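First chain A sits with chain B, and in the next complex the same chain sits with chain C.
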Partner chain A sequence: MIDRCLRNKYIKYGFLLVLVIIAPLVISSNYTRHLLVTTFIFAIFALSYDLIIGGMGQLSLGHQAFFGLGAYIASLLSVRLQLPAWFCLPAAVAGAGILGLLIGYISLRTRGAYLAIVMLGFAMILWMIAMGWRDLTYGNRGVRGISPISISIPFLIEIKFDSPLSYYYIALALLLFVTYFINRLKQSRFGRAVAGIRENEDRAVLLGINSFGHLLAMFTLAAMIAGLSGFAYAHYIAFVDPKVLSVYYMSMGLVMVIVGGSNTLLGPIFGAFAFCFIPEWLRIAEDVRMIFFGIILLAFIILMPEGIYPKIITFWHRIFPSRILNKYLKNEGPL
Partner chain B sequence: MDLQTIGTQAIYGVTTGVAYAVFGLGLTLILGVMGIINVAHGELYMLGAMLYCSAIYYLGLNYLLAAPIAIVLICVLGAVCSRVAVEPLLSSSNPLLTTMLSTLAISMSFMYSSLLVWGAQTVPADLPFTGQLYFGYLYIPVGRLVLTIVGSVVILLLHFFVERTSFGKTLRATAQNKLAATLMGIDLKRVYSLSFIIAAGLAALAGILVAPIWTSNPFMGQLMILKGFVVVIVAGLGNIKGAILVGLFLGIAETFFGHFVSMYYREGLGYAIMVITLLLRPRGLFYR
Partner chain C sequence: MNILEVEKIIKDFKGLRALNGVGFNIRRGEILGLIGPNGSGKTTLFNIITGFLDSTRGQILFKGKQITGLKPNQIAGLGVGRVFQHSSFFPNLSVDENLIVARHLRTHNNMVGLFFKTRAYREEELRLKEKSMELLVFVGLQKRWGMQAKNLPYGEQRELELAMALAAEPELLLLDEPATGMNLGETARLMDLIRLLQKTGITLLVVEHNVRLVMDICTRIVVINFGVKIAEGTPDEIASNEEVISAYLGKSRSDAKG
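Presenting the complex of A and B:
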């Protein structure tokens, strides 16, 4: 009975959905709710990063540029122009997307190491602008007083999403949307074409796939999703400083993707859970956290480059065997 | 804009360029021979400078003793990094990306560990070569003179080593074709380890040479690796002569840009040059 229910995807995902919806109501501590919200925001970031690492098979050392740009656009529109958050959302996504298109157009002429380093350069330039252009960005003092997301119908109702509990549902909705979107994207004709380019670019080109255009589109989409996570971050934390453009967020995203499992849908989300909760539980200071990230990243790259999530899936199917999946696993390895 | 300013800036530019060239040579050597990019190169440079300053300050050693000790320690560290984080990954499906990730992980751990050990400030060591010389109407800091002389000698020695000795031939053969090199009886593991060690030594030497003229703190590696990347990319994959020329050019261009245009944005100049190069010649200026 349990076995059959677990195999039905509507029951399985419906159960998970109910679980994540009632979770913050059961959890009474605001601190844990806050951690969950940051987990969701970074899960969006990690998923977008995985579109480049797992989806395109390329490495970018500057993905934080799009996260930071989204955060800066959202915060500056909110603080400088007093625009409502629902206007900042499309602006942040579009801004990150336009930058992604421009940077991708330049850097996707190359592959591999060149791409990674050029991206790092762009992130550094953005960081310098954020630090140096004080009249716009307040420099290293950061942008303060970003208004929370709110829904208001005049004379009727006004909801402000300013507590961890209320923001939880915003972040959850964004994460679910992004997960669903990426899932559909990877199964679409476009996603399969990008996977083909990743596996063998020459073959894909010979089959008539425009590799530059496909990679550029994928890169832009990844940038837009990273901008979305930056938007969610800015309106939740209500403070943005040049640190959002620093290597710290890039290495955090990398650790989440690699440890969780790249090119899986739930791997980066799992990684985001692990790396938002474990350092907080262990009460590790931020500088020490980077040493810890570095060692874990190194260990995973050398010992388990496919990440934890595929291992969990194989383990799960060993407990709850299913005929179709077993056949698939024998031939293809974990999903 | 008188002659004295231009002369001073030219001297500063050339000396900075020599530092970039010595640093970039190590990166280029590893890229050429092993086909990977060592992101932790900047951290080896930083640790070289920090160990040198610490040996002088905490142990009271003479600089002639401190420098070789620092270089040897960094070479050992480089060999360990190579064995642990680079060589096991060379057989993976995409060695360039996996080794970039693993060396990035090493770089993160090293940088933040040294931040814990030394704190965010300079070691207040009493370094040699901090005075100035006076030629006609030009002031030349002694540290920059020493940097230029030692750096040029090392660059020439390396050039001689790669072009004339038999081990240099081995290196070039490996860089050209790994399979053919193996068939000719070249022990790839030995070549990889040795080129990594030489590169680590070059990074440490660059750190020691710039310690008297720039402040040395745990963040210096992060700044320098960015210049190293610019040198490598603009010069083209693993091109040693190109790396020397681009290093010199970058140093001169940055110094003049910093003096005449904007001190703040001079750090971004290298990236502007890199982007323009990629647009015009995606494989680097000196790619053959």
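Presenting the complex of A and C:
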């Protein structure tokens, strides 16, 4: 009976869902809640990055451009035009999408190293614009005073999502939506076609798949989701500076995807957890914290190149053997 | 009725003329063999027909329509399939997933159904899985369901590739040296498969070095050498064609009949 429960998809999902919903109420530390919120936001970014790395099989060194652009669009609309969050969200997503379409249209004509560098180039241009065009972006000083997401119906509700506890649920909702969306996408005709292009482009083309069109569409979607994470970042941290367009977030994204497990559903989410929490646990050794972090990273890449998540799945299946042992490779469900 | 018309194809590679005015027709329902020594231009011709290369001059008509200059995925969409010389499949996907992806042209996107898991969507998914199994049974790989494609032995990889080409339900199938690396038993099975394919109504263009195979299954044969067609006819006619024999098949008739 317990065995059957542990294998039932819905019970596993349901249990996790309940866990994740009551977590912030049970955890008393506001700082831990804050860590969880940032984890969720970066998990969305990592998932979008993995659409390109794992889903399309291409290395992009410029994905931070979409995250940063989303953050800037959301923050500038909020601060300069006093537009509310429910307007900033689609604007950030659409803006990142348009940029993705443009960059993708040009760079997806190449592959491999060329593609990576072209993306990096575009991202650097964006970073320089953010730094230099002070009249628009406030330059290095950054955008401050972004108003938090709020719901207000006069005389009825007035909620400001400006604390880790309240924002937790917004970030969680966005993450759940994105996870579900990507899971379904990978099982669609479109997602399968992209998988085919990744595995063997010539074969896919001969089966009638328009490789450029499909890759461009997937790339644009990845950009839009990254823009969404930028929006979430801006309205939570309430401060956006050119650092969001820097290679710092690019490397962060790569680390999350690789350490967590590329081309899996939960891998990037695990990676986000690792990235946000491990530096915290290392706080005891304050000065050498980042060195330890780097060592841990190297250890992961050498010992566990496929990522944390696939390793966990392997162990899970050793304890609870299932008929479908290579399920995680097929992306048919997170668990 | 001609399903494919290759008209005076000339292909130059920066000073090297790979194909010099090659032309022939394929009638619907027949198995046409294309033979010639290595380097005679067979693969180049295949690449031009399927759209991976542009011809310098000349045109190709599929079912009467111009396909010269179209992109490979467009040509595939019109009903031309191809099996590659070396295994070409999706290595990290499972065998059944390979076939599901290969059904791309015969299935459609259903965005609403996808996200809300409607009955129509679920039924389509079931159909995809059924068709996938059907194709595996056809090539004899049914017990490999769920196995990662790259773990298959070589011969079975070729069978998978054939199944994938069939998944798109082409009207014309180009087989690029399908018997490469096969032993006698595997070759015999392949020949049975090809004959079975013809019975289902597919027209086949086969490039092969294995002379016995070509003589056995092809309705007609075209021989090219150095980018030029040197003979065209039934297997018997080809076997007794002096030019072909001296250029390719061997010194005497008994050699050719194998």
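Simple rule for what comes next: the second predicted complex is superposed on the first by the 301 of 335 C-alpha atoms of A that agree within 3 Å, B and C clash if a C-alpha of one lies under 4 Å from a C-alpha of the other, contacts with A are read in each partner's own complex, and residues count from 1 in each chain.
Everything below uses one rule, namely that contacts are C-beta pairs under 8 Å (C-beta built on N, C-alpha and C of every residue); 3 or more make two chains touch, one makes a residue touch a chain.
Worth saying up front: this structure is predicted, and the values here are computed from it rather than measured.
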item	value
First (chain B), second (chain C), both or neither touched by A:210	second
Partner chain(s) touched by A:12 [first = chain B, second = chain C, both, neither]	neither
Chain A residues touched by each partner, larger count belonging to chain B or chain C	B
Chain B versus chain C as contact partner of A:80, first or second or both or neither	neither
First, second, both or neither for A:193, with chain B first and chain C second	second
Partner chain in contact with A:202 - chain B first, chain C second, else both or neither	second
Residues of chain C touching chain A in the complex	50, 52, 71-73, 76-77, 81-82, 84, 88-94, 97, 100-102, 104-105, 107-109, 111, 114-115, 146, 148, 164-165, 167-168
Contact footprint of chain B on chain A as seen in their complex	57-59, 61, 106-107, 109-110, 112-114, 116-118, 120-122, 124-125, 128, 132, 247, 251, 254, 258, 287-288, 290-291, 293-295, 297-298, 301-302, 305
Chain A partner contacts - residues on chain B that touch it in the complex	31, 37, 84-85, 88-89, 92, 94, 96-98, 100-102, 104-113, 115-116, 222, 226, 229-230, 232-233, 264-265, 267-268, 270-271, 274-275, 278-279, 282
Sites on chain A touched by chain C in the complex	181, 184, 187-190, 192-193, 195-196, 199-200, 202-211, 324, 326, 329-330
